[in-house]
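By written order: A, B and C. Residues from 1 in each chain.
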Amino acid sequence: MESLKLKKITSVWVITVLILFVVSIILGILMRLNQGEVISQSPVTFYSNMTTHGLTMIGIWFVAGMAAVNYLMQRYVKTSYTVNVIALVFTVVGVLMLWTSTFIGKFHAAWTFLYPLPFKEIGSATWATLLFLASLTVLGIGWLIWSISLMTQILKKYSIAQAFAWQHFKKNPKVETPPFILISMITLIGVIACLLAAVVLLVLFYAEYFSKGNFVNDALLMKNLTYFFGHTIANEMLYLGLAVIYELFSEVSGRPKWKTTWYVALAWNFTLIFVLTAFFHHLYMDFVQPEGFQIIGQLASYLASLPAAGVTVFSVFIAVYRTKIKWSLTNLLFFIGIAGWVIGGLGAVIDSTISNNIVLHNTLWVPAHFHTYNAMGNVLFSLGFFYWFSTQFSENSKVSKFTTSTLTLLLIGGIGFLLAFYFGGADSIPRRYSSYPADFPMAAPMANIGAAFATVYLIAILIFFFNISKRCLKILFSPS
Amino acid sequence: MQQQPILVLFLALAGITTIVFTYIFVSSKKAAQSEKGMSNPLKKRFWFSLILFVVLGIFTTATIPDSPYYLFADETPAKVVHVAAKQFAFVLSDKAIDPTNPSGENIELPAEELVEFRVTSLDVNHGFAIYDKSNRLITQVQAMPGYVNRLRYKFKEPGQYDILCLEYCGMAHQAMRASFIVK
Amino acid sequence: MFKNIIFTIITIGFCIKVNAQTVSAEVKEERNIYDKIYDAPLNVVGEQQRSLQELYSEKPLLLALVFTRCSGVCSPFLLQLKENLQFRTKDNSFHVLVLSFDPRDSIKDMNLLAKKFDLENNKQWIFAVTDSITRLNQSISFDPIWDSTINQYDHDALLVGINSEGYITKKLIGIRQRHETDLLIASVNNVFSPTYRLPSKNLLFSCFNYDPKTGKNKLGLGLIFIALPAVLTLLMLIFISYFVKHKRPEIEETL
């Protein structure tokens, strides 16, 4: 009974995420078309769409990872169905509030809503700022309850030391912490920390809003908090996807389950520390930040990539290299996703080098690299899970010709639209411009090329969407 | 011209990654049922991680001294320019800018000599990015309200340089710009 | 070198006098930055004629402009400066040049002034007069106005930092705290701080306060807010772990 309820709510999550994903992609394509001067939106419309696109994407792929982790965690510990429902309700309500503030109220401070921009917007409704902050509060509370609940469930079975797999540092550990539990735990801690950063940030915003100017915030503090929250959540949602891969990759490939070893434990424990300090790389161009922090930012950004590459990528290589495995769409998506994640990571490491950042910061290079590991990495991790989830209750899970061509569309669309960003970034074209000044003759054509390829990507996603949703609806309405 | 090598480096690394992943995928497709997979995976993983660690270490030591906070630090600038960014314009002046009544003037800067920009913002966060004649981003700093950031730079070539805002600041962000002449 | 170049934030929170000053003082402070100061010939107490260039080439200068008959700001200004520098008497990186801008002042008057402040034997302090004060004033935008009704100059208390190449690196107007004098000394020694802070309503939540003397950052309250989420998470982890402990199965049994 319990698992049936979980199946149904997970189906709802999958369908919700996919619907919101399609809408957000369309918003993204519209933005590129506006930059390409094919359509003409007012700057306020463009920027409010940009705000919706950014926050919705971050939100849905975070909850997609959480829903997947929640579903798989049931294998090890009991999870709370009620909390899962609460998270779903809060997410839907939060997104609706967010969309009201942006689509109707024209709130357009971007998903980073960098202080003090939300208070100094021109062209948005006066109520929009408060509704936007309230929508974030709703989302934040819902997700905080969810993450704390999952963490508590893990701690009911494993002690702190076991959850962090510290016993694996010794020889012959008595208890084995499954890699899935270890990564989930590490990730949940990071998620809770960044959501709490959002709470602190929102409290400071509210304090200034309701004090009517008597209380004024420090811009440097607010920027640090913004990226503590923003960078970390974007990073952690990738790790949620990785937790799923550690659990499922070997399983769907018909190989023995991956085990936690001392180096896996060590790598992920280190990751927790590096991920929480890597956000300093968002403030390189703020010379007000002490230099020590800037260097920590560069080191942490580098080091965060080490365990991930050394352990995760290598684990996948070992599992696949010259080994006859059962390829299905699920592990194929995981495999391509990891490649996309690595390539996006390379773009990120290049950008997180301070002396490069000075010519790349806030150019199209930034959306280039984060779209790489999201659109071609994290999305594929979650799609892989969605597909696996939707097919595990039906027989047919072989790779058909049709799915191969869908995958090809996804790859062509993805690579094309990303290259338009990378070339734009190397051409010094600024990001977040509703239209480009005449100084950049290549910017508009490039945006249109990006939009065209993104449409191909969208077609592939739509095919997956119908495919997966159809099966999920069946699960949702099945009597048993 | 820092961007071109960066792009080439990235494309090369991305290409190598793609080749490695494809090779590994193909090796699995072609593998016979009896094949044992990778030999000595632990050892290989160790060497891979170690090499990656060393490469990143070298990269760190090589790049950190080039960070903008250290550039031209022990020289006296020949000229100081005050910059106050506001929605949606830059005020540039030889003299300090009065925040209650900001007013600027046309700026001419000497070539081959050290110039210091003292950049602040009168409202929200802005970016202060300098583009050369061929519209290439050459240096930048953020303009944060309440703080003054000091950016030092030596312009090599005379001509007109443009300033664009590179931190999203609201509805006319894309139109926020200024320029100055280097002689 | 690198560690000296760390960012700076000027703490003005406790310095009410500065806060009370008008914006125009801040604007004035930014005039002539990185201009070369006029090389005035000086009559130095206890020495012969020397040029300003000889002095600043020897060591960077903190130039204080006063006049001996002043019944206003000059005395408290010098007193505060002396106070600010009292812990840096062994610091060889600069000289303090007290220069009269009043043509009536003689070298004798300046000697008396040095005695009054008990500085005549202090090697760090130099007292002097010059006959080219107008041109010197011009080069630093200093314009005392003679008020004949009170027989006094109406003037700012001005401290100018001059590095060893004769460039003006920083100016301070008014009676200022030690922290700011330290920043001035750092600037004449060409220690670059990539940033400084403007006076603001909220200094409570600033993240760091730069101490130019040690070149280190002191932690501000704002930093606690940045660390708070991580600390709270850790505490939450420990608390939850403690409270659900009884539900945990025995380790041996799970094996």
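We adopt the following convention: contacts are C-beta pairs under 8 Å (C-beta built on N, C-alpha and C of every residue); 3 or more make two chains touch, one makes a residue touch a chain.
All figures in this text were calculated on a predicted structure; none of them were measured in a lab.
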Checklist entry - Looking at mean CA positions, which chain is nearest the middle of everything shown? => result B
Checklist entry - Comparing centres built from CA atoms, which chain ends up most distant from chain B? => result C
Next on the checklist: Taking the mean of the CA coordinates per chain, how far is chain A from chain B in Å?
Outcome noted: 25
Checklist outcome for this item: Per the C-alpha centroid definition, the whole-Å distance linking chain B and chain C comes out as 32
Checklist entry - Could you state the distance in Å from the CA-based centre of chain A to that of chain C? => result 47
Checklist outcome for this item: Multi-chain touching residues of chain B, meaning two or more other chains, are 68-69, 146-147, 149-150
Next on the checklist: Among all residues of chain A, which ones touch two or more of the remaining chains?
Outcome noted: 218, 220, 287-288, 291
Checklist entry - What are the residue numbers in chain C that touch two or more other chains? => result 2, 5, 7, 9, 194-195, 197, 200
Checklist entry - In their complex, what parts of chain B are in touch with chain A? => result 2-4, 6-7, 9-11, 13-14, 17-18, 21, 24-25, 27-29, 31-33, 35-38, 41, 44-45, 48-49, 52-53, 56, 59-60, 63-64, 66-69, 87, 123-125, 127, 129, 131, 135-142, 144-147, 149-151, 162, 164, 166-175, 177
Checklist outcome for this item: Per the touch rule, the chain C residues reaching chain A in their complex are 2, 5-7, 9, 194-195, 197, 200-202, 205-208, 217, 222, 225-226, 228-230, 232-233, 236-238, 240-241, 244-245, 247-249, 251-252, 254-255
Checklist outcome for this item: Per the touch rule above, chain B residues touching chain C in the complex are 68-70, 72-80, 82, 95-100, 116, 118, 120, 146-150, 152
Item to check | List of chain A residues in touch with chain B within their complex | outcome: 43-44, 47, 108-110, 112, 114-117, 120-123, 218-220, 223, 263, 284-288, 291, 294-295, 298-299, 302-303, 305-306, 309-311, 314, 317-325, 327, 335-336, 338-339, 342-343, 346-347, 349-350, 353-356, 358-363, 422-423, 425-428, 430, 432-437, 439-440
Checklist outcome for this item: Within their complex, chain A touches chain C through residues 148, 151-152, 155-160, 162, 174-175, 189, 192-194, 196-197, 199-200, 204, 215-218, 220-221, 224-225, 228, 276, 287-292
